[in-house]
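Every chain is named by a letter (A, B and C) in the order it is written, and numbering of its residues begins at 1.
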């Protein structure tokens, strides 16, 4: 059993870090995990993405064609990955920056106004954590408490004052996903 | 030590440090640059040598200098940079001094790109530089294995006074996985009895790769070849997965081996009896094991991120005992498990009868058809 | 009858301890032998012979390691300064030197010499400039004089298509990390004595950790120049010295103020 997650957005939206948080949490939770970024010219301000694969046995391919979940932080990312999400998979859309509706009916879609929520929580850099929270609720890939513990364990001590806001961001994202998916059922 | 989430490049660098690497010389090139950067930060704080050389040519010759002193030394690069190093590699092999090279392969030929590839198989396994020499080539498929093989590379290089290569690729270099680093080894005291050290009170020592008399050069070659027989006898490494009852065996190394593993699992879920043979030592190549495998499966399917460089070695090893099929992606394209699964399904339903069939031509036809308008 | 008083004879000239017992392969009249001797004598006098590591290059001096009685390695063509870097960085207390010709140092090895000097590697470079490729049989070198005939400039070096000679002592002197960059000549005893003093200074600079030092030595190649040994010495004096002026191109204050026992 494995879950493949692609997180995609502009450079600077915390794409790679969001993936690392998931990877740390998976490791701390005793699971197998790989994290692999798109690298090279793309990292100089263009689009960035990373693939995180979490599984209960040794991970094979580090890249997959049809991920079980995608976080799209901007429109180019949605355009690229909407067709690729696995059937029945989860598509988390940052509706603060994306005003498109997802056309596919065979995936579970959650629209998250992540930028607005982050700014309301006092730091727009929390956008990625709002989306991660939504992902956790939509997929059950990892336990929320494990992710919070991983943040605390692996964030350098000098940033620990930011932890409460990060926890709030995760919770708010999760709440939105739960409500959206409950409505959809 | 506990597991940490480690990036391949940093993990290999730290593994080298903990294996007692006393000097590192390198030049920046994507996708291995984090390895150089890790060394730049760590080596000076440990009082060990680090130089960012003016070129890969200079870097490998700095390595050559330190290698002659018998101290543990390494460099790292990526495909075009390794091409530049091949002159020095031949000299180092001809001088019979140990060193470690980490090659984080990228797409080629030429400047190519920085995406993961396996196009350096021939360059590393078949020598690369001029003359008759062989390097030990180890191909990791995970961050943990990259760590373990880096440590092993230092031991083997010393044991056989040879070049030991860790042949990784861009995805392994850039990937993060949970892995465990070894304990820090104490630096070895003393130097080997052949080392150039400028030590007083003993006869002078000389290290060179020049033997102007052909008979003397032949003597050196005989010594190198004899030593290689020992390497072949002792250092073959590989991993077998789901092969016990397999009708089809995939043969793939490094990242291609991981992709193949995913495809094999999917095929098994569909009831196809398929397994994976993953060579870990590409040189020495597991010839006897593949020969034996070829005699008990219906087909071998080689999967690579190149145009079939290892394919030739698999065919030689199989000695016609079964058809050898091929699927590869080139130029930095990493094959996806679905593509490999499709190949497994094809081989399982339409096995090739002709042992000498036009594998490459057939593969190129399928590849081009599969790429559509790309 | 002429008698010699062996008992009271004074040795005024002998084989340096730094030499092996081999006879060199160099051509009659070639000044490589002179340069070798100056290096060996200097290391003897400084007590460094058993603490030295030499790096031989590619060219006629490829076999120089046979003649020096000390640890030696043999570099690839042009790469001696890189190899010396790799040795010196792990054995900083050894006297590490390269011995390179003009094709090796100023053509194929230009990047390695410039960057070793630019880093201030604490090594000594003995640079033999005889304006020609000797080992391969007399081709044009980066130091070949304008108009000079070689087997690859049979009508004389044409500066329009083949450019001008490179003056390495001057070029290296422009680099911040160089402690000592000078040119001397081996065409007569007075100049040979000056050359030896420069070699001594260069190794002293290294011993004191002052950084990169190089001595360029104008040398003869009677065979490939097509001259008698005597004519070739005259050629150095009359043709090469004007094109490659002798002198100190860089001597940092720390080197100037070194107190040396006279060798």
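Please note the rule applied: contacts are C-beta pairs under 8 Å (C-beta built on N, C-alpha and C of every residue); 3 or more make two chains touch, one makes a residue touch a chain.
These numbers were taken from a predicted model, which means no experiment stands behind them.
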Inset, instruction - Tell me, please, which chain's centre (mean of its C-alpha atoms) is farthest from the centre of chain A? - result: C
Inset, instruction - For the chain pair with the highest number of C-beta contact pairs, give its two chain identifiers. - result: B-C
Legend entry - Separation of chain A from chain B, taking each centre as the mean of its C-alpha atoms, in whole Å: 34
Inset, instruction - Round to the nearest whole Å and give the separation of the Cα centres of chain B and chain C. - result: 41
Inset, instruction - Return the distance between the CA-based centres of chain A and chain C, expressed in whole Å. - result: 65
Legend entry - chain B partner contacts - residues on chain A that touch it in the complex: 20, 23-24, 27, 32-37, 39-40, 58-66, 154
Inset, instruction - Over in the complex, which chain B residues touch chain C? Could you list them? - result: 22-23, 25, 49, 51, 53-55, 57-59, 61-69, 71, 73, 87-88, 91, 95, 196-201, 204-210
Inset, instruction - Using the touch rule from the top, collect the residues of chain B that touch chain A in their complex. - result: 3, 5, 30-31, 113-115, 142, 170-171, 174-178, 255, 258-263, 265, 334, 336-338
Inset, instruction - Please give the residue numbers of chain C that touch chain B in the complex, ascending. - result: 50-53, 55-56, 62, 65, 69-76, 79, 82-91, 94-96, 111-112, 114-115, 119
